[in-house]
Structure formats: structure tokens, C-alpha cells
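Look at the two complexes coming up: chain A is in both, with chain B in one and chain C in the other.
Right after this comes the complex of A and B.
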């Protein structure tokens, strides 16, 4: 961390810090480019105002919580494609149960989905790509059958509104939730045996197994963590938009993966820092926001979005050639 | 090489267990479907089914090639959509302009795949994340071509390609407008089905037998060993992604012809990509790479689709359909993985 501030030149940074520094620089570039546009067009610079940045962080907190879970799963060189409907199921369960049990009920949904994912991947050793895809389809089926394919008529509870949309001292509570999740994840990854096991499994599962790491248990726990965080994000999102709706999680899975990878986490697992994921989330949210301020049509947004991911990875995400 | 003696044949069945199971499963379920369908075993039903299957089958073939490398292509749905939108501009006229349009669409698909290959080979970015990004770019280009759904396709092509061979011959004006006596037995065969078999025979079968094709399998089994054996790794990967783009492009052309319009629908492209992965796995190709094939993936698609056909004839509540589809997918992959529980040496599990 201190090195990162001391060294302006990227080349002297360690392998894991370089992506974070570059992504953070790119965030500044986005903000400056957006400000030049707004100064030219409207004669004002709202992008650097605290209220704008706080609002972007609030929007980013949903993606940030999903990406935190996704990162854990990617670190053990798996992936969780069941996130979209786990998120929606969490939100729909919370609004349907209502009252003070809304939040616990949603988290239990995440717990169950994560356990199923983990069992399939750890014990049946089905590639997570396809198993979680199947679980996602089942969750979608359950929710469609449950709600009749329409948005549920139930409303978000007061508590959900409180933690997602309301503010203290001008800061939305959703940001505090994201912050709490982040602190827990950082402590877990850096200070606990579980966290070290995650990196070990991602680097070489066989070696981790031979070193006595309970690989199956760690895999299941990682998937549970991811699903619980996805359902928590669903609860927050339902609180923010006052209701749950079909397909509310569809827009979160690919950006979450992109955020994790932009933050320097290796898609093959075993390497990456949590700070990078946070920076990746902020980058994606700000990019989206600035492009919409520029009134960029959807076509241009998609193209820029894709090109940004490719160029960031070309700078620091290149793998090595297999030569033996 | 014909399998003359029975033990040889049995061995080949056992070696391609996933593929064999998917073929049998499809045959049984599809037979039940025709039995239950009021117009079962008719050309009309066959034509309808073939049209519904074609684009996804193409996408499944497209997905197979990168999966054989041990990678994944998240952009196949986007390439299909891009070519679909391009075709809705280029296939409007008649005669030679349509011909050039078709060639341009095929080239566009192959080019998109080639670009994927370049990003993966020269950029050295993991296929799954590289194609996630290029897929967004292709979707953007598709939206640029068709901000709102629309366009038009030459009506003759639409009629000829989405009906039976008899209608095709009549439109094109061959075999006495499809009335030739010898032609009658096959006049009821769906054009889309014939096209599917043709594409598989003309592109996949020669590819699989070529050195490049075998290189793709070798890379999926062990990239380092393939490199040490002097195989052209970069060439194999570039060819694999280009072929995937070409297949996805053919799927896109057919989708444009079938719907007679272009539609840059982001959720639809995503759904097609995910279904293509499911088809590949159900068809017996390992996501770890090295084993399987595109023919298996076609049967994987057929199984996925025939399940939803059966919902229509067996009167299952439409609201339960997505649930059943998910359960079938989970059951299929779980059954395939049960043999893992018999493995005694835990270390064999880690590959």
C-alpha cells in the first residue's frame, strides 16, 4: 500500500499492485474526460462533486457486494453463474416474507443455493461453469413458478429501505454495508487460514490437498459466501428500488466478473487483491455513468465497455505461453 | 474406417459414452414427442422443429471448438446477433446481391471469430474473459446496425430455407420445380435439417481430420505437450476461434432468414450463449478440453430443444417449463459425473 503511493512509476510496483494502480489511474482519466465534456457542454463540473461521487458509490455498492463474492469463487479457480437468479431469489424472498424475517430469509436462500453449488462442484467435480448455470436455470424456474412470471406485488420492508436507500450524514447506508462486507473479506483473505486456503486451492488444488487443506469444505464455503453475498445484494437492490422484479440480477453477473478481472485477479484463480476488485467496480460504475452523461447510445457504450476491458487486460492481464 | 467386428464397435461406443447416451436419449424422447403429437411423424412438424433447432445447433457447434481447446467463447451469441443484423441489411435485394450478401455475412462471422483468436493468441488473454469483452464489442456493432429491430429478407430465400426440400426445389426451380418423380421421397425433408447436415459434413468432418483439427484436440489435452511435439499452437487456436465465428455466423444468417428481420437483443444473445454451453456439455464434450466433438453438441442441442417441444404436447403448465429445463440440465451433468464417486485415489480427481 505504502509502496503504491510512493512509486509513481508503474513498472516498479509488484505484480498484484500494478493492475490496481493502472485501474485507479484510468478512473481519474474517466472523470477528467467526463468533466471536460460537461464543462464544454453545460459549463459545470458535477463529476468531482461529493454528491455525485457518493451517488455513484451507492449504485456501485450492489455490484461491489456481488463482485466480492464472485472474487472469492474466482480465486479458487471456479466461477458462479447462478448469481443473477440467486440475487433475484433473495430479493423476492425478502419482499414476500416481509417483516423482521425478510433479511434472514433471503440470506438462507443464498446459503441453500451456495451449498448446492458447492456440493456439485466439490463432490461431483462438475465444472462450476455448467453446474452453476444449471442451478441458475432451476432458481429462475422456481421464481417464475412462484411469482407467475410477473413482478411480485409485495413491497420492500422498512428495514430494507433503511439499509439500502436512506442516508446518515448524507452517506447512503448501502455504502456502509459494502464497506462492512469489504472489511470482513479483507480480514478473511489476509488473516485467516480459510483465506490462505482459498489462494492455495486456486494455485494448485492437488498441492493444497496434499498439504492438508480441506479442499472440499473450503470450496463449499467459498460458494456459500458468494451466494449469500448475491442474495444480500438482492435485498439491498430491492430496498433501493422498493420492490423485487424478474431479471433484476441479469445485469450483474458479467460486470461482476469484469470488475474482478480488471482489478487484477487472475481468472484462473490463486492471485489477486480485494482492493483491485473495489477499484474495478468503481471503474465500471463510473464508466457507465460518464457514458450516459455523454448521451452515448447503447451501441457505443457496449463497444467502449468491451474495448476498455480488452485494453486493460492487454496492459497487465497477459498470461504466459505454454512451453512445456 | 468401418467398424466391422462387434468388439471394436463396442469399444467405440464406450469411448464416446457421453455422445452415445445423448443420441439414444434424443431418439427416445423425440419418438415419444411424435407419438403424442396430433400431427406426429409428418413433414410439417419436422420442418417446424428443424427451423427452431438450427440456429442453436450452429451455436453449439461454434462453442464446441473453443471448448475443445480448453477455453470458452462467451461471444458466440453476440457474433450470431451481429451477423443477424448484418444479414437483415444485405439479404434484402435479389439475385447476385443476395449472393454477395451471404458471402459477406459468412466472412463477417469468420472475421469476428478471427479477432477473438487474435486477442487470445497474441494478447495472451484467457478466452473466457477475452470473449466476454469482444462479445460486448460485437453487441455494440450489432446495435449500431440495428438500433431497433427491423429490416427485411428476400422472401424467396425465407420461403426456400425454412420449409421442406420440395418447396426449396420449387423456389429455386430445379428438379422440375420439385415435381420430379425420383425427388418425391425426399421432398418432405426440412431444408434446415439438410443444411445442418451439409454444414457438419463440409466443415466439421474435414476439420476434425486435418492436422489443424487434431492440433486443437491436442492443445485441449495438454498444451505444453502439444507445443513440445512441434504442433502449431497459435495456428490451431486461431483456426478454432475462426471456425467458431463462422458457425456462429451461419446461425445468425439463418436466424435473419427465419425471422425476416434483424434484432440486436442483448438478453437473447446471452441466453443463446449459455444454451450453447449447455448443449456442448450435454453432447458429451468435456469443458476441460480435449475430448468430444461438434456432432455430439448438435445432439446436445436436440435434447435441450426436444424437452421444450414435449412441454407443448404433454400439456405441462408453461410456468413450470423453466424449472424443468433447469432440472434436466442439472440431472444430465450430475449423472455424467457420478462415476467420480467411485474413484479411490483422491489425487486422480485433480486435473
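Right after this comes the complex of A and C.
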């Protein structure tokens, strides 16, 4: 598989575009392999039907919004491991508050968590891997305590159902939300001083600091963005599945990081295009879906999932060594 | 003229190397004899670094052959070259900042006992090696991070000696050393020479080459131009071979000294135990040099004025107004703006993997934005302007800044700050490891900026530079300004005497850094 991908000529592409092209090719490979399987088993090719693809994009939009925020944090060479319970807390707060304040309340939760993360990393200088992991545990405790004493409302509001699950012209609204988030992120990364500063910090924080870039402010804003997007994803997910529940965010942190990295963003920060993250999200969602269509047992799915991520990175890593 | 013997220790035949479209080396024939110091000369980008990288196994040549001790060799890696006795001291230091001196010296083959690292033997070995280069003052158990640059470089040299070289390559290895260290390195090289070691020496300091080299080879644009023995060529001839064009006077004539109203005033600045009561003023249009041995507080003085150091006591005034400098952001906005060209361009000055354009505009994004958006038209105009003004040699502004030669990288750092139109310009040894041509351009630029009304404070480890380009020179010793020279008093004798603090007390040999 690796050789096959390698042999397709990507050499003319720029450093940032190559991973995106490889990932996009791999998406086609997944779809074709899945179709060969379904043709053989059921004599039909549902994977290329618009309704299947739209369905996958709807599922992908939750992961996509989380991954968008994660990418910003990874670009400044940090990581946010508090995403699972920030997502759950956003969803649970939204359903508990209910009514028209459901969404703003959830976003405020994200804002607070992001500010705490940002302050801890920027001012206390605690490595984000540890700090956000601690914040995740605290959030989990808070949520368990909140639901332990009494039974708050966990049912999604109508508005949450509307933006997550309902459709206009056959397209789920969640996809529009993902699209809006994506457009904002792309504009921010490419056109604003904040976006330029993010890449500068990720490449060499000392040089950015000595150039008068407000490194602390940018770091805090990046964490806020990540947490707010995670809580937004929580609200959408609750709307989609009609209720909020503990542990609903647990399945999002690793796929989000994987999507960012598969999309070609350097895990050490400073380099990567947003389009790559979108392609990475689609790859992960399709891979999961096709593996379950193939009735692959859970153990096998996990193994293939891990191997795919590792082998993609192996392919990207090639040819990078010679530049000194 | 060209002297090649079949029994030379190292012989290169027709070696070529390309990076993409760029021919870094073309058909180079080169040889180096036993027990000789061979200087490799050329401007930045002449191919010296590539030559060294090929000899030391970092890169493999596209064409040609290399012979060591009469046998053809083909090094696949630096480790293979090391095993064959080729040891290199690179311009960029290769030490791990968080390990101790002794860990670093024995990093590739630590002494072992029962399969584990023998810490005591390792320490003794470090002490021994440091003693051979007169560095008894370096504690082998100190972390590299806590040593000043000049000590780190000596540790680097000790580490290289520990590998028992047959061929020792020094790539700008003396650029950060203090004068007393340089003496020790000379003595060490003389010993190695007597033992038959071949030494390849790269330096931009002509007087070092004069003092040391037995042979010299000049490179230009990837080609080997000429090899000659010591004394066969005059300095002027050598410089001409290097640049391929006539070179005018080294420094611009200085304007007559005049007393100026101070633009930048420093009053009683102290920081921890590194700066004591420093007071200094720089007038509009004046270039003031900071001199002295390395590590006497010059770097801290510049950093404290740029808001990098915390808990600095004393005042900094611009145009008579006290400034609150608690961060580089504040410094950038203070008065008419302060700029700092930092010590290490690769880690402090540039984001190496990012493009030239991105690096140029990073300090002035606010000025180049309309509302929250970066204005691309303004950006490309500003970038084109900067590249033109500093004559930065580039392919495209979108290329990574790491693809530029050292001199051009430094120009990018300076251009980045000129975009902010600063009134006060601080420079920390801006010409370290830069070729002659670019150095001159930088001197000219500094004078131009001063004439336009900037106040320039400029630390340099090169005495000639202080003498040739500064209106006044302040010499630091142990965190204090112990002497201020102006006019004709700025000469090598006075600077050296003040640096060693000879006037006041007997010199302690100048190894005063890092208590």
C-alpha cells in the first residue's frame, strides 16, 4: 500500500500540498475498495450514492469542527487534550440550560475552559499536554458532580435539533455549520495578523517573541478557539443524537489529532493547510464507515485504523530528511 | 601555484554537488597535506560549507571521488567519516543545551563500566580535554545552557579533540571566541600540526588566517579558484580572488565627532548580578559601539532595553521620556520604536522554515493591516522595498529563508526591523560569521540609518568593526561600563586594554564569564 501511494507521482507538488493529495487519493482508494466489496457481497454500489456521502459529511462535521480547533492549537506547537470533556460539558450545559440560552451557555463553557488552558500554558508555562489533560479530568469531575445530585434536563432543544439534524434542500444543517467554521478559519489563517502569528509561533516562538509578536495573547486565543469549537461540536452532537450524555466526547480527541496530522499539519507546529484537515476528517470518517460496512470486528478496525495513520505519516516523512 | 602531491592525506578529484537547480560545487580538485593548516576562503555561498559537508560525510557528492590516506573513501554518514578520523567543528554549535559539559564531550562514545556510563571517568575525560585547550575554568558538570557562547564553543572544540582526529575541520569555529581563547586554540592547533594532523580552517577573519595557515584555497561560486602557499599572495589579492571584483576601503570614513543631544538615555541600569549601574546615552545620528570580552553583560544590556529581561532596575529614556519596557511589544512601541537584531539569527532572529516574505513582515503586521485583515498589496510592496534596499539575493520571496546564505539571512533580520522604522536600533554582533562583502554593506547601511536620524547601539566582538564604524565605544567589564572612548581614542590598544581592565587592575586573563 505504501509503495503504491509512493509510486504515484506527487513530486511536483509543494511540501504542504503533497500530504493533502496523498490523503485525497487514499479516500478514493477506500471508496473503491469498499465498492468492490459491496458489489461482491450485495451486488450494489451504495458508497458512491449522494445520500451516503452526504450522510458521511454530516457525521464528519462534528469531528471536522473539533479538528479545526485542534489544528489551530497544534499549529502553535501545543496540544489540547481537554477536548473530550469540553465537548461533553458544552453539550450537557446546553441541554441543562435549555431554551434560547442553550447555545450561548455552551459557548461560554468553551470560552472559560479555553481561557484556563491558555493562561496555564502561556503564563504558568506548564506543558499543554499535561495541563489540558488535568483540565480534562477536572471537567469530568465537575460534570459528574453536576449530574450526580439531581437529574438535569438532557434532552436537546428544538434549535439544537434544527442546526444539527434537520436538512435544507436535502443537506443537513450541520454541514453548513462546518462550512461556516471552515471559511472563518481559512480567512483567519491566511488573511489576519493573528493567523500569521500562529504560524510564526509554531515555527520559532523565541524569534516571534523577539519580533514583538504578542505570543501570550495568541496562545490564549488559540486555546479559546479550540475549546469554543469543541463545545460547539458538543451542542451539535447532542442535537444530532437528541440528548447529551457523559463520555460523548471521548471518541473525538484521537481522531481529531489524527485528522490534523493526516492532513499534513506538522505535529510539532508551524506548518499545515486547513484544507488538509478537512481531507483528513473525511478520510477518517469514510475509513470507519467502510470498515463497519465490511463487518470488520472492532479489534480489526482499531488495528487497521492505527496502521493507516502510521503508514500515512511514513509516506509523508519520506524525502524530508535531506533538507538541513 | 597549485601544489598537489599524491601522498597528501586528503584528495578530492572532480567533486560536484547540486541542490535542486543550484550548483553548490562544480568539478572541485582539492587536497590537504599532513601536518598542515589549510585555510578555505570564500564569501558566503562560495561552496565552502558544501565542501566541508562532503568531506565530513553529511552529504554525498553527485560526481567525483575522495581519497583518504591513498584509499578511495565514500562516507555514507557523519559517523562513518568520524570513524575514519575526520572530525568537524561546525559553525552551528552541536551541543545539547540541557546536558552537562562532560555528557556532551563524550556523547558519541561515553566511557562505560559494566555496560553503563561511567560518570566519573567521563568527568575526568572532560577535565583532561578541557585542560588541553586551557579551559580549566569550565566545570564539566555545568549544563551547556548556562554557559556563555564563547565557553560553549570551547566545549565544542574539546569534544572534537576527544575523537582523536586525523583531519580536523574548523568551520568558523572561532567566530564567538574571546581573544584569549583564540590564543589557546592556536596553541592547540600547533600541537596537532606537529602530530601530523591535517587542519582545514574556515574563517572570515583575515588576521587569523595570516597567523595560522600554511596553505590557502579560494572558492568562488562553487568553484575552486586557486590554492597557494602562505605569503604567495597579498591580502588585497586574496580578497580580490574571493569576491572577483575590486574592493574599496573597508570602512566608510566617519563623520567628525560632535556632541549630540541624547535620544536614548540609559540611567543606572542593573539586572541580577550581570549588570551594575550602567549609564549610557546615544544621540540622534550616532553609532555607539559596545565592546569588551564576550559575556561581560553586553547581551544583557541590549536585552534589558528591549524588554526581554524581568526585574531590571534603572531607567531607559527616549527623547527625555521614561519608557516602561516590560516586553518586546512595549519596546517596539516605545518612543519612536526600538528594534533589536538578536545574537543568534537562526533561533532568535528568524523562523527558518518560513518564507522570506513571511519573516520580513512579522514585526510590522499591524502597520501592514487594514482593519483585521493583512493587506496583501501593502505586504508585497513592503517586501519588495526591503529586498531592494538591503540588496538581499533571493530567488523568490516565497522561498524558505533557510535557503539563503548566512549573510543574506542576517539582511532579512535587519530588513524586518527597518520596516518598523525604529528610532533606536540595537544590534547584537550582527556580522558574526558573515562574508566581507555583506559586512561592508551592513556598515554602510548603519551609517545611512544614523544619518537619517536613528540612534544605534551596536555590540561587536570584532575590534576592527568597532574602530571602523562607531562614533563612540563603551567597553563593558563584569557588567559595568569601565571606559568610554571617542574620536582618535578608539583604537585597538585602548580597546584591548579596557577590555582586559588593565588600566585599573592587573588582568586576570579575561576568562571572567559565568561565575
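Operating definition for what follows: the second predicted complex is superposed on the first by the 302 of 324 C-alpha atoms of A that agree within 3 Å, B and C clash if a C-alpha of one lies under 4 Å from a C-alpha of the other, contacts with A are read in each partner's own complex, and residues count from 1 in each chain.
One rule holds for everything that comes next: a contact is a pair of C-beta atoms (placed from the backbone, for glycine too) under 8 Å apart; a residue touches a chain by one contact, two chains touch by 3 or more.
Since this is a predicted model, take the numbers as computed values, not measurements.
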Open item on the list: In the overlaid three-chain picture, which partner chain does A:199 touch, first (chain B) or second (chain C), both, or neither?
Closed with: second
Task: Partner chain(s) touched by A:168 [first = chain B, second = chain C, both, neither] - done: neither
Task: chain B versus chain C, judged by how many residues of chain A each one touches - done: B
- [ ] Answer with first, second, both or neither: which of chain B and chain C does A:129 touch in the superposed model?
- [x] first
Open item on the list: After the superposition on A, what does A:268 contact: first (chain B), second (chain C), both or neither?
Closed with: first
TODO: Please work out whether A:211 is in contact with chain B alone, chain C alone, both, or neither, and reply first, second, both or neither.
DONE: second
TODO: Based on the superposed arrangement, let me know which partner A:191 touches: chain B (first), chain C (second), both, or neither?
DONE: second
Open item on the list: Per the definitions at the top, what is the overlap between the chain A residues touching chain B and those touching chain C?
Closed with: 206, 209-210, 323-324
TODO: Within their complex, state which residues of chain A touch chain C.
DONE: 191-194, 196-197, 199-200, 203-204, 206-214, 270-271, 323-324
Task: chain C residues within the chain A interface of the complex - done: 58, 306, 308, 328-329, 331-332, 340, 342, 347-354, 358, 361-363, 365-366, 369, 372-374, 402, 416, 420
Open item on the list: Looking at the complex, which residues from chain B come into contact with chain A?
Closed with: 72, 119, 123-126, 128-130, 132-144, 147, 223-224, 227-228, 233, 266-267, 270, 274, 277-278, 281, 287-288, 319-327, 329-330, 333-334, 336-338, 340-341, 346-347, 349-350
Open item on the list: Using the touch definition from the top, list the residues of chain A that touch chain B in their complex.
Closed with: 79, 81, 120, 123-127, 129-131, 133-142, 144-145, 148-149, 205-206, 209-210, 247, 250, 254, 257-258, 261, 267-268, 297-307, 309-310, 313-314, 317-324
